[in-house]
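Note that subunit A is present in both complexes that follow, paired respectively with subunit B and with subunit C.
Moving on, here comes the complex of A and B:
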């Protein structure tokens, strides 16, 4: 089996091999792995990969999947252009 | 800042039903939908629904969508399409991204009915073209009239896997096999029997191990699983196909609730992270309600009933009492009990128990 050919995070193109390497180096929380590999930081914000990563962590640590802590969700839900945010901010100033 | 009375996030079965009931109670409703059309997943459903008359049994999903959309027109619900709600902040403020514009909206109450997204599987070459989620296949085939392939293998025997397999056959696609990792069929046996009569092989205790193909899917390799879900060596089999359809469950679109710091719980039976809510469907954030698949994966029928309850309660807590409040409340809760009874409802009852809802 080639773990390099098993894609875990489609947005950031991260393979099972990458995730296992991360676990082997001692990063065993979703938050750690996210910071090292950028999993869950693409357009879908972890909606697809976080379940798979949770399962891999559970397997590695011998835990139940539901006991593996989920990643913290932060705004925004999806990509928003900086231009749109800047325009809103300028408009807000005018109104205040 | 734009101010609204009731904001509903999501224009699927739950959100549309909530909009109808809250409007009837006298609220001004603004509904935000990220897609370019209302109806959610209903608009992909070409099959007739089960259940009872009150949830439009024997009506096709796409027609149910039309009925619900017409109701919102009748009630002057303000609709925002192509409008993704991207943030939920304190004091019931949301941010919206619509047509390249980003703006803030403050609401007296918010109903979150964002629904769910598909789960994915980890296997070798799972990024080959020709590998789809069941939802994508329905979008291609039932909305755009495009076939996903000529010969397909379905993974997962829940109701979605079974129904989409049948729709593929109706569209003239050969369904080579349906593989299921568990030891039994997940969905209704009436759907499974229909497939079997049409000659579809339903293979349990089996999963997909590898996809093979040069630039696009040409065949898959399956493998048998033992009762501990471990692969059995030497049990690999090859199935030639140009499309693989993955239907291994859904997971609630919890992001807004999570970022708003609502109390959440991970419940396997409900598909993932779900909000803990009161019997009035209010989350731990005051005047923020949740209904439909975002509170646990179920059928569209339950989503519609839940939506109505959320609409009823969100209105009531702001002093808008629905003219038929008492009868409606009793009736809707009774409908949910019926939808969740029996062996098919066991998983959802077990999951809801963990978040404090009891149906025994």
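Moving on, here comes the complex of A and C:
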């Protein structure tokens, strides 16, 4: 199967070929690749792709996967609508 | 030990732009040092907006010149991708009488400098952004040539162009000290080695003050956390950035489809904190739900923070210093370093190479804060 057809990040539609090209051009950390390719910035926040990218970096640099630093985890854990947050916050103010 | 004609501390957009411009002028042995990953600092954390609607003459000039560069950046830098320069304007809302009067003055100033801003009534503003809550503002200003640039890709465009011209980059390398002897810079010491040089550019963003102190130069800036969030992607809904200083919000849909929005925290302390808070999320959600209810239907997928490096008059310091020969600085951008980067790099190159500086740019000197009361202050800041 061509590397172009292997999807690493489903949220941003990034292929294994894209990741390898990025590694070849000198970006060799999860944080670097995230900023160049947007991997890990979609709705799943890297829950699928980050581990795969970690593995690809390890292979590329000849490291153990666990030695490749993972990306910073940021809030939120899952997507929540702004309207829902606003209504809850306004409700909280009424109850104060 | 490496010999450098200049060491640039910070590979954020200001450092990158200056490195590129210096190399273009023929300078060799330029070394750019950054303590983290690519765009780890304020550049990679910014709101991606580029605007020319300011209340001070200086900021208008800097912004206009920078916007002109963004228009030709892909071509000039020979970038193989696209910096995603989108010019669909900034719509700035006035929500009270005082703001309405101030905006009247702002538009006059901006027009006198060639910035094509227009003042709009509520009805006219609704034609530009139909989903605005019409009861949330009383008038607006609109400049159609303002817009958006992708900070990661703009940085990469400068980075690759600078590398092609021979600039050396060192990421994941923290500067520990700057050695000065008899009023002359001798070397820069990092966690990995030493750079022999007599010139240093402080482009350290949130850490500009600390880098200044390493060289014994006091810079009157401080850092403050500004938080921001991004939503899931949506179909094209909103062309312009919608902004309000009094309601404390900026909100734009980027070409990728996500909405980026942020606001400042009036209780933020001077610090290097860049964490996320639930208070921000609550306040941001309430504000956007009030002004742009349609946008509030989208889901937030991520929040983060970044440092504003604030100067006393909320205008940048682009300068050398009489205190130490060979020490240059680009700091105190007060949240607007990304959008001013093209002109920052050009001006610093003129200063560093000892060329004649345009008259207006003398006011960017650090000496403006010495024994002087601040007479000009930028109010148009979120």
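Here is the rule we go by: the second predicted complex is superposed on the first by the 86 of 96 C-alpha atoms of A that agree within 3 Å, B and C clash if a C-alpha of one lies under 4 Å from a C-alpha of the other, contacts with A are read in each partner's own complex, and residues count from 1 in each chain.
Criterion: a contact is a pair of C-beta atoms (placed from the backbone, for glycine too) under 8 Å apart; a residue touches a chain by one contact, two chains touch by 3 or more.
All figures in this text were calculated on a predicted structure; none of them were measured in a lab.
Peer 1: If subunit A is used to align the two complexes, do subunit B and subunit C fit next to each other or clash?
Peer 2: Because the two structures are overlaid on the shared chain, the partners are seen to fit without clashing.
Peer 1: Is A:7 touching anything from subunit B or subunit C once the two structures are fitted on A? First, second, both or neither.
Peer 2: Once the two structures are laid over each other on A, A:7 reaches subunit B alone.
Peer 1: Check whether A:42 is in contact with subunit B, with subunit C, with both or with neither, and answer first, second, both or neither.
Peer 2: Second partner only.
Peer 1: Looking at the overlay, does A:90 come into contact with subunit B only (first), subunit C only (second), both, or neither?
Peer 2: second
Peer 1: With both structures placed on chain A, which of the two partners, subunit B or subunit C, ends up touching more residues of subunit A?
Peer 2: B
Peer 1: Touch test for A:16: subunit B only (first), subunit C only (second), both, or neither?
Peer 2: A:16 contacts subunit B only, not subunit C.
Peer 1: Quick check for you: in the superposed arrangement, does A:27 touch first (subunit B), second (subunit C), both or neither?
Peer 2: A:27: touches subunit C, not subunit B.
Peer 1: Report for A:57: first if it touches subunit B alone, second if subunit C alone, otherwise both or neither.
Peer 2: neither
Peer 1: Rounding to a multiple of 10°, what is the angle at subunit A's Cα centre between the Cα centres of subunit B and subunit C in the superposition?
Peer 2: One gets 150 degrees for this angle.
Peer 1: Kindly classify A:70 by the partners it touches after superposition: subunit B alone (first), subunit C alone (second), both, or neither?
Peer 2: Only subunit B; A:70 stays clear of subunit C.
Peer 1: Between subunit B and subunit C, report the minimum C-alpha distance in the superposition, expressed in whole angstrom.
Peer 2: In the combined three-chain model, subunit B comes within 8 Å of subunit C at the C-alpha level.
Peer 1: Per the definitions at the top, what is the overlap between the subunit A residues touching subunit B and those touching subunit C?
Peer 2: Dual-contact residues (subunit A): 45, 74-76, 80-81, 83, 85, 87, 92.
Peer 1: For the complex, which residues does subunit C have touching subunit A?
Peer 2: Against subunit A, the touching part of subunit C is residues 36-40, 44, 152, 156, 230-233, 256, 276, 281-286, 288-290, 293, 295-304.
Peer 1: In the complex, go through subunit A and note every residue touching subunit C.
Peer 2: 27, 29, 31-32, 35-36, 38, 41-43, 45, 74-76, 79-83, 85-87, 89-90, 92
Peer 1: With touch defined as at the start, can you tell me which subunit A residues reach subunit B in the complex?
Peer 2: Contacts found on subunit A: 1-2, 5-8, 10, 16, 44-45, 47-49, 51-52, 65-66, 70, 72-78, 80-81, 83-85, 87-88, 92.
Peer 1: Once bound in the complex, which stretches of subunit B touch subunit A?
Peer 2: It comes out as residues 84-89, 95, 97, 100-104, 117-120, 122-127, 209-210, 251, 253-256, 258-259, 264, 266-268, 272-273.
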